[in-house]
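Each in structure tokens, the structures are laid out below.
Two complexes follow with chain A in common, the first pairing it with chain B and the second with chain C.
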Partner chain A sequence: MVEEKKQLTLVLGVIGADVHAVGNRILEYAFTEAGFKVVNIGVMASQEEFINAAVETNANAILVSSLYGHGEIDCRGLREKAVEAGIGDIKLYVGGNLVVGKQDWQAVEKKFLAMGFDRAYPPGTMPQEAIDDLLMDFGFVQKC
Partner chain B sequence: MELALLIDFGSTYTKITAVDVEATEVIATAKGLTTVETNILEGLNKALEEIKPFFGGTLPQFQSRLACSSAAGGLRMVAIGLVKELTVEAARQAALGAGARILGVYAHQLTSSEIEQIDGSCPDIILLAGGTDGGNKETILHNARMLAKTKYGNTIIIAGNKSAADEVQDILLKAGKDVRVTANVLPELNKLNVEPARDAIRATFLEKIVEAKGLRRAETYIQGVLMPTPAAVLNAAKLLSTGTEDEAGLGELIVVDIGGATTDIHSVAEGHPTRSGVTYKGLPEPFTKRTVEGDLGMRVSALSLLESIGSRRLASVTGLPESEVESYVQYVQNRVELLPENGKQWEIDTAMARLATDLAMERHAGTLENVWTPMGAMYIQHGKDLTEVPYLIGTGGVIVNHPHPRQILEGALYKQDQPTVLRPKQPKFLLDKEYILAAVGLLAEVKPTAALRLAKKYMVEA
Partner chain C sequence: MQLTNKRLEWDQFLEIRREILNSWPTGQEVDLEEAIAYQSKIPDNRRFAKKLETAKQEGITLAQPRAGVALVNEHIELLRYLETEGEADLLPTTIDSYTRQNRYNEAQAGIDESRSVGRSMLNGFPAVNHGVVACRQVVESVISPVQVRHGTPDARLLTEISLAGGFTAYEGGGISYNIPYAKDVPLERSIRDWQYADRLVGYYEERGISINREPFGPLTGTLVPPCISHSIAILEALLAAEQGVKSLTLGYGQCGNLTQDVAAIRSLEELADEYLSRFGYQDTVVTTVFHQWMGGFPQDESKAFGVISWGAATAALAKATKVIVKTPHEAMGIPTKEANASGIKATKQILNMLKDQPLMQSQELTEEKELIKAETRAILEKLLEFGEGDIAVGTVRGFQAGVIDVPFAPSRYNAGKLLPARDYYGAVRLLDFGNLPFGEDIKEIHREKIAQRGKTEGREPSFQMVIDDIYAIGKGMLVGKVR
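Presenting the complex of A and B:
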């Protein structure tokens, strides 16, 4: 659990023309249960919607998911837009089937980190992994 | 017999409607030229003289005397938020729904020149929003500090991030502003909450704006100016749609109100997608939504209407030469009460009204966006889907006095060549024949069921 003193706000959504709503709901549930404040902007979300939502809610991190293989195109430029909107140092996480076909994960991860994402997750990642990373990245120490 | 006197102080005319509440019967209507500059009561007195004959030569005792007003520019507001599509839009919706005329809409951190602009426009009320509850505080605090420097915008309603509200209030109070704090117009990203701000605007209107517009003098005779006229019309639309505890309403509906200066569209409808496979995006829309098109009017805004629609299109609808259409439009601009005299002038007025309805509805209705995905074509809906709304009501001088109001109202309908604009497809056309919607909105404040029956009785099929 996140400690009481500060609740982190996460903007969560499925980017581009992707309509995978079920996974999105599962993520919302998992992150909310873990004690985060989740702002879910739903499926088919544009980069601008992620940014606008983060600006209004003063979010700590943007969590992008993409399952239909076009994540690479959809995510390109998100960091730059965040910089333009004055929230350049926001944490950006991305996960899912991010590229077309079966590609080497290490290369994919490298590509997304180079695009300005702080973390990228391969298909099949459990929510807990991202939860642990969030807590670590924001300096919350997990007890036991 | 229970009688009600319903008064609408307009910029040009003061219109009065005398109603027999028990029989739900309009006994008399009249109007007198409004004189805001000298004495607001003059127009009212003239109108009252006119209705005396209906009561045997003396004015009866009216149990309720209620008024709305759009005199002296109505309620003039500025709306400020953070992100244009989010809190700025929410603030705009709140102001429009309260019956205000919007002078300017501002996003992000205000600049000195924007502050000058705001000051220059002399707003009655500034609505300050920005940030969801617990969200961004920086911008609303910055904007409060900037607003502290204004000379004129004295009444400020704060409807932004609750975590910043106290501090924002302090800054503005120290600057000598009159400040009200109300609930956030956008407490969460997907939760529009415009009602508390609307109520706060209306309360402020009653307390201060009425005074500023010289309407206080009228209050000795009437029981008070309750709301801006557009708010009364929206009130009536809502009542007619949803009904009261005792009587059912008509269901979802749209009101088209064409005036000399603006064309207003009110929709009382959920607007959820009616087709399968459509995903809704963006800010949720209010159930009672009002849009105002300041560039589409029959007289004061006739020239801007010509500019927005184009003289070629206007001419082609009338079948008259462009030059003739243009010169008529120039002629009627600023001749506020001019009525068409001959066939050609009727043609042009009809075309102006029809195209104003067309464009205003296009801007009010939601749209579908076609997106190609790996799974095929998908649709995203922005705004309200009004395709299945069963009633479309026309009001405003040009519609009410027109021999064939359908010609105008049909401009609002769904168009085959514009399939992505979600306009009504097969609504029943109703006409506010006695021009009483504003009066109904007022009466609804004291006798909702009687007001509803009155509205039903006088909305005739067009």
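Presenting the complex of A and C:
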């Protein structure tokens, strides 16, 4: 568990014109249970909303979900916007059904890492995996 | 302008129409008289409503996929493949998510990029950007009737272009395409905008052209109890009928328990007939659509076929007029055309094998049907009371009060207080009723069934149980039991 004094703040949302709300609710629940402070901007969030929320809350990471296939178009330029906003070092994670069609995951992952994301998750990833990665990436001792 | 469930005045309709057709260049391609002349040449065997009516009379279930890509030729190729290789009875044109939000500039960027990279960058067919002529190319390239399927709160321009473009069926509604598909669109607005769409369909009907209308049944696709989707389907049926719609297909998304699912489809049709005739809409034809499981799917394609096949079997046994088919790629997103066709073929095999097999009547089925009817009537009667007899007004007030509430919806105009969970047998019940206007007798049935499950699993029903249920089918089970 994350200690109170070092609680990490996460901005969570579903990008673009995507309205998939269920996973978003579950992620909010799972990350909150795991001890993170979750700033959930919900579905249909623009890049600007992610960045503004991160700046306003002094967040440690932005977690982007995309379930509907337009992730490739919607996510492009997010890292550059973070840089422009002066939070260029913020951790960016992305996950979901990121592209149209069943494509080779390694190629998709490479594409999103090249866009400036620190981690990308394939369809069907359980929340715990991202929780473990977050703790590791921020230097917390692995729980398990 | 006060929202009310009254047929839109023609002058008022035309005034809105001018504005709508000017909102994007392709709107100028729509000429109503020319469109009616074009539609009137489409023969009965290529008309959606006709094919559904015949299927209903024959007691068979038709199979329809979802499908749509960014570019016209590729979309035509896809539909042809689903018709010939996939043996689809009815075809779709699924609209992309930018168009659904009226973001036509972004849809255009998606079209342009799809052209340059040689694959679809959009999750559907951007019909507004492509315009009337392209839509006609699509419907003319196949033999089966084609329906537009989308998720658009303000679909007025899309409706104009779709109908002028020769599509003979059209999905959506002011509630079912708002609450699960938007976060910030007031219900007054989406209901009014869909009154426009329905009025246009009603006008085509007056001119002798039958256009099928289908409220979107499964809503959020996540453990939606039948009474919730039934209430909304009937509300939208009443709203559409008032605008002159005559062919209605009401939908329900599979929950997974056979008894509950069959009871749901059968009660849906009976309830719809009951309410339509009560409000004086005598000449509407109601058919039903059963959606194969709309929640999370297993990644493994063989397991996905299992889910698809169970949906096909349930649709056939329930005698739904059509079934909307999933694909083995569901867990990964948009399917390839091959995967899409394989889902239809698996479905058709089962539909054919079960078409002459009646389901045995049982006490449980009768009880389940009566329960769904009692729940749905409780909600609808409360909405009528809230609206002082006006169902449009009642709907808006009812959502505000949470007496109608959709689980897991993104809209802030939805109370979001319901918590559904499965009972021991996998039927979807309510763990938290929110503000649903149920009597103690109904509530007690739910409490008992959920308590029974909790006891067998040795845990108190909670949000964790709901999460377990949401993931269960994806992990190879129906009920999210503790490991």
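Please note the rule applied: the second predicted complex is superposed on the first by the 140 of 144 C-alpha atoms of A that agree within 3 Å, B and C clash if a C-alpha of one lies under 4 Å from a C-alpha of the other, contacts with A are read in each partner's own complex, and residues count from 1 in each chain.
In this section, a residue touches a chain if its C-beta (ideal position, glycine included) is under 8 Å from a C-beta of that chain, and two chains touch if they have at least 3 such contacts.
The structure presented is a predicted model; accordingly, all values stated were derived computationally and were not measured.
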For A:Asp18 in the superposed arrangement: first (chain B), second (chain C), both or neither?
both
A:Gly124 in the overlay: touching chain B, chain C, both, or neither? Say first, second, both or neither.
second
Between chain B (first) and chain C (second), which does A:Glu72 come into contact with in this model arrangement: first, second, both, or neither?
second
Is A:Glu56 contacted by the first partner chain B, the second partner chain C, both or neither?
first
First (chain B), second (chain C), both or neither touched by A:Thr9:
first
If you stack the two complexes on chain A, which partner ends up touching A:Met44: first (chain B), second (chain C), both, or neither?
both
Counting only touches as set out at the top, which of chain B and chain C does A:Gly139 meet: first, second, both, neither?
neither
Residue overlap on chain A between the chain B interface and the chain C interface 17-19, 42-44, 68-70
Can you list the residues on chain A that touch chain C in the complex?
16-19, 21-22, 25-26, 29, 42-44, 67-70, 72-73, 97, 99-102, 123-124
Enumerate the contact residues on chain A facing chain B in the complex.
9, 17-19, 37, 39, 41-44, 48-49, 52-53, 55-59, 68-70
Touching chain A in the complex: which residues of chain C?
96-98, 100-101, 103, 106, 109-110, 113, 119-123, 151, 180-183, 220, 222, 299, 329, 331-336, 339, 408-410, 463, 467, 470, 474
Which of the residues in chain B end up touching chain A in this complex?
82-83, 85-87, 130-132, 134-137, 186, 188-190, 279, 281, 371-375, 378, 380
